[in-house]
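One chain, subunit A, appears in both complexes that follow, with subunit B as partner in the first and subunit C in the second.
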Partner chain A sequence: MRDNRSEKGWQGPAFQAGAVLLALALTALILVVTNAPPFAAFANIALGAFGSWQVFSDVLVSWIPLLLATSGLLMTFGAGLWNIGIEGQIMLGGIFTTWMMRSLASSALPPAMIIALSIVAGMAGGMLWALLAGVLKAFGGVNEIFGGLGLNFVATALNLWLIFGPWKRPGIASMSGTEPFHQSLWMATLTPQSRLSPAALLLAILAIVIVFFLIEGTYLGLRLKAVGRNSHAAFLLGVPTRRYLLLAFALCGIFAGLAGAIQVTAVYHRLIPSISSGYGYLGLMVAMLVNYRAALGAPVALFFAALNVGSIQLPIMLKLDSSLAGVIQGTLVLLVLMAQGLRMRIRKRRSLK
Partner chain B sequence: MHVELRDIHKSFGSVHANDGVSLRVESGVIQGILGENGAGKSTLMKILSGFIRPDSGEILLDDRPISIHSPADAIRAGVGMLHQDPLDFPPMKLIDNFLLGRRGSFFPERRAAVREFNDLAEKLDFVLSPDAYVDVLTVGERQQLEILRLLSLGARVLILDEPTTGISLPQREKLFSTLRTLASRGMSILFVSHKLEDVEALCSRVMVLRQGEVSGSAEPPFDMRALVAMMFGKDVPIGPRLNGKRGSPTLRLKSVSIEDGRLVIPDVSLEVREGEVIGFAGMEGSGQSQLLGACAGLVRPVAGRIVCRDRDLTRQSYLAFRRQGVAYLPAARLEQGLVSGMSMSEHFILSEGMSGVFVNHAKAEKIAQDRIAEYNIKGVPASPVESLSGGNQQRMLLALLRANLSLILLEHPTRGLDIESAVYVWSRLKDRCTAGTAIVFVSTDLDEIIQYSDRILVFYAGRVSPPLDAEKVTVDRLGALIGGKGWEELETADAR
Partner chain C sequence: MTQTALLINLAGVLTAAGPVVFAVIGETVSERAGVINLSMNGTILLTAMAGFAIALATKSVVLGFVAGAVVGGLVALVVAFSSITLKQSQVAVGFVLTLLCRDLSYFLGNPIMGQAGPRLSIVPIPVLKNIPILGLLLFRQDFMTYMSFLVILLAWLFIFRTRPGLTLRGIGERPEAAFVRGAPVNRLRYLYTTLGGAIAGIAGPMYSLSVKAGWKGTISGLDGIGWIVLAITIFGGWKPLRAALGAYLFAFLQWLGLVLQPALPGVPSQVLQVAPFPLMILTLLLVNMGNAEGVKRLIAALPGPARHAMDKMLRALNATPPSSLGTPFDPE
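Then we have the complex of A and B:
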């Protein structure tokens, strides 16, 4: 949770680039040890992510929820909070959206209205779940990491119970989720085959732009930053810290809920057990990597999405497991954090000289 | 053991913290090292104790040059340092702290260690139980523990960095007699301070540093004016007493009771009037910080009422007190009062309560520039607050105070500041008083309490004295009350 913006010059980017190269080298080493051709693997990932419009649109489909999760987490990180509960907040977004869809499906409202209301419901669901973690922290003294982790388990259980219980498919309850919505209630996609919804893409881009301006230019962002860096001092300077802490949770929950809502209305058209698909945890990695800098959130999230999608064809092409993407992402985060730590040490040593 | 530092140079960036400093301390001598903040005292001591390496220069122990690369090297060579904040581990037992830093087998020999601990404690007449936990100790007792630990590690040179900060008068006397005992046994003692009275009471020689260079040295009897001149290059006048014209009450405490852990402060009533300065004296942890917190809404009393400017704020939060014009300045400036990583102008945005959607940076920078000029802070609006020196951080906190306050509450307003900065801080505070603001402050510095207060409340283990008239009370009387003596006659006088 450090800030590098005060640093100038080539050093910062050089260290970051070094860390990225080292992460790739380490992954290559792992591949060599397992007798796989590293360059072919990297080339395949690149091809699998950017080789055709078809695959690139899949990258964008996975970029949308990741970008939304990252946007939300930039708010909570900014306020000094580790919102691990984001996975559950995405799930609740999906659940609330499905609930609204099911309630309105047979109503006379126009489909666009139903979809819009369902998305709003999803955002409300995510916000409520996030506020629960916030209230536990602000009033119960429960660390948000533990509170969030607990609420994630509750959300998973709630989701499974709904899918196998009240909302089960007629006749056969299954892991494949609830009964798909009627086609008229699917969010419009570019082409009938594509899963990419322009409206969803727009919402996600809008989200990161809003967060960028919130953090960089508003009083709200400044106060959140003060609370995150030293909540006691911020309080003495007149910032109602508890309110801002809850606000950070609420904002993050709204973005997370939107991610869940989009997964339900635009991608899966139903509620599935793994509706959050780990985008929350991946978003935590992105947010850590970009270290508060909202402007970097979009490209880094795109890179992570590309790694995820690009590695899907590894099993077919090279008989490698697609979890290679996770290995690269994990090493990358570790090495970038290490590079930051290293740079701090060097700076400290230099300033002591 | 003789200690000798020869021509020590050390620079931090463009700052020459030690510029050719030489010093020789014979064994059995208590050497005082005086200087204002930033004069290079701490740097010199950190070089001797292995925390910092010098750019050039030599260290000799018993006339043999040695090289010290780390604190562990230093203690092996016999040099131990007692830091301003004791380096101990509060949740652990004394004996475990005592064993830390010692080389030996994987399993410490506790029984032998306890014996050694008790022997050493007895020799120095310390009353410490090896099985007690560190967090129940006072600062003075924690220093005693640290002295024992350093002695057991074989220290023959003892460095003390501002050891009288935050300890009571009796504890200070105890510390000084211990140091005299140790010196009489042949130890060399280096005593770093910016308090003249400490040096006068204890040291057999004094060296004064100014801006990284030795500006002079002296032997008893010390000429205080000459020492001050060596420290600052000039005489520093202390402002005249302000005899408060007291206005109407700003804050009224009615039978307020506070409980904080084992500390109980029963039934305090106090009326703070406009333009008045009230000092809270006492050993740290006697209840004064809690009562000060209650005046700001930061500590919630268990009983009683608090009224600020005719508005009942009992059980209200700090933010409600703040709206009534109450400001609170904590002792730990950078930890509690300022937000590291944020610039000075960002601080003014927060404190001035600027509102709207998008930050008006131009306006914030204007405010920052004006205040920086007004309070003579060394920095620019974009400087991060952690880059300011301690004195400038305190100026920054004063600059952050809003206009037209009804009450300013301060914890240790001049702790760690040199005389010049301290005088400046109080001159600004007095300006506020003249404008009708009341001030309540906590301090362990009795001179500060007597010099600046109109009325004084003494705290001892949760007991609170009735307000004493600062003009009629003496340092000795206050010292006795702080140490728990003379309370009976106070109460009978009060009952009369």
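Then we have the complex of A and C:
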């Protein structure tokens, strides 16, 4: 999967391009079968994502949490961990941020300070939730997939309880979330109508850059990868595997918590039941698709965000469900995985001859 | 609550557990062969949509269930092909399929959303239905709920009491040994993964044609159940009887949440609805904990009586997965 020495350089990209084309063809086929016009659908998605500055800024709004989730997951993937609990980590980020906001809202601190502290609290929340999955894995023998899934459900329950219980809006509790914060506590956006916060965008880009350098250029990244590829061998060579495993979880949790914090302070200005909006799971798909190569994380996440935002208009324009975006993303990742396997199989056949 | 009302309620719990039973048994069969089919959450949604769509189009509930089994088997076949033939990570492929099948069900199911369609009817069993208590509880159900009782028994018989069942356990536990003894490991893994997927594929139509009749897209209330199915499979220790117990426990807890709601006005209803999920996971942690080094050392440090009690409890709950679960087998 990662060893490319023994083959011609063009083969990998050729297989991947083939997978992308096949994914588009398959999605077109699904559209044709359901009596929908494929080209109109694709054109609508493209227009819905890049047609105007307004929609493109929405793509960027959606890119921010996805990029943060991807950044975190590249760390855990690097260490060979399937951090499926990232959804819960994003939620806890949102919860801790809201908690800090509520505690400091009536204090004398300047708003910028309150926002900054709340974001830090969100990062801490995400980290704690991730470490919980890490401790369960390292010391309880609980597979991170199931520990993480369990913690996702607990996070959902906690979130709902807060929104409908202690933090409910005065008078009525509802699925629309907690009482919005005072406008002075909203993260500044580009224009008053836009939801795009330049500071959040900067933080997300910073995150992927940090992860790129951590993975590609540091001793830490090297050791993480060693733990990921062969934990036992790394342990025998003197790498404290447990510590690195927990470190990968903690770093991922911080990025996930930041994503939750930004959703609360910059996008929704309150805590809502679906605060993670599936960005964690989508981040897993992106991280899988880029296969450890952090440099590809940003463009692929942008592409996925564009698909999500671009498909929002589909129900109105073509009476198609917006889940078409997910169908394209899923088909794409599945076919890339299969192309990867096929390529290895062909190579193995050749070397046997 | 009168006795009759309580019994009718509990009979409803058995009905509600039916789809979970099918899914858990299917997953158990697949994992016994060494293949994790992580796609359960997507499989249940897609088969629910497909089963309802076919039943709606053909006016036949039977064909709806057949469609569910076929779709479930096909999804599992993708897992098998990608992991066995193409040697990709089972978890990766399963996870992608989880999301892909979910979105596919929402996309393809859009035109039939909210339509009224056929549904299963109650078929009381003559004579048996008149047995006091049990009659009301067990023998006034729909056909597929009876089948859910049967599938538990059949799976148990097959896995633990037949020769092919022994081979099934063998290819999941010690594939090398099974191979040496002449078992075509990878071909059998294909077979059992697809079979397990087909069994699990019954779960979807059971929802859309009975337990939560109809297709309501994102508000069908089915998103999440597949993850619980995977947890119950572990809780069940890869044994059909214990897995079924887990399924009934889960359905019972969900019912309890509904019943307790008026008694607990302080707890929002949304929390009670998700309460069984964390509870299930907590049990899961206990099941797993006995295997961990740290926990073993912790228990060893306890004073005598407490140690014995803890030891006993953990041993009763403990379950070890098939040794080769999730790892590919290469005959060379």
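In the analysis below, the second predicted complex is superposed on the first by the 345 of 353 C-alpha atoms of A that agree within 3 Å, B and C clash if a C-alpha of one lies under 4 Å from a C-alpha of the other, contacts with A are read in each partner's own complex, and residues count from 1 in each chain.
Everything that follows uses one rule, which is that a contact is a pair of C-beta atoms (placed from the backbone, for glycine too) under 8 Å apart; a residue touches a chain by one contact, two chains touch by 3 or more.
Everything quoted here is computed from the prediction, not taken from an experiment.
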Partner chain in contact with A:Leu236 - subunit B first, subunit C second, else both or neither: first
Comparison of subunit B and subunit C by subunit A residues contacted: C
Touched partner set for A:Val333, first subunit B, second subunit C, both or neither: second
Touching partner for A:Gly150 - first (subunit B), second (subunit C), both, neither: second
Partner chain in contact with A:Leu222 - subunit B first, subunit C second, else both or neither: first
Which of subunit B and subunit C A:Val61 touches, first, second, both or neither: neither
First (subunit B), second (subunit C), both or neither touched by A:Leu302: neither
Touch list for subunit B against partner subunit A, complex: 11-13, 52, 55, 318-319, 322, 328, 330, 335-342, 346-347, 349-351, 353-359, 384, 400
Residues of subunit A defined as touching subunit B within the complex: 3, 6, 213, 217-220, 222-223, 225-226, 229-230, 232-240, 351-353
Subunit C-touching residues of subunit A, taken from the complex the two chains share: 30, 34, 82, 84, 136, 139-143, 145-147, 149-151, 153-154, 156-157, 160-161, 164-165, 173, 273, 281-282, 284-285, 288, 320-321, 323-327, 329-331, 333-334, 337-338, 340-342, 344-345
Residues of subunit C defined as touching subunit A within the complex: 38, 78, 81-82, 85-88, 91-93, 95-97, 99-104, 106-108, 110-111, 217, 224, 227, 230-231, 234, 266-268, 270-271, 274-275, 277-278, 280-282, 284-285, 288-289, 291-295
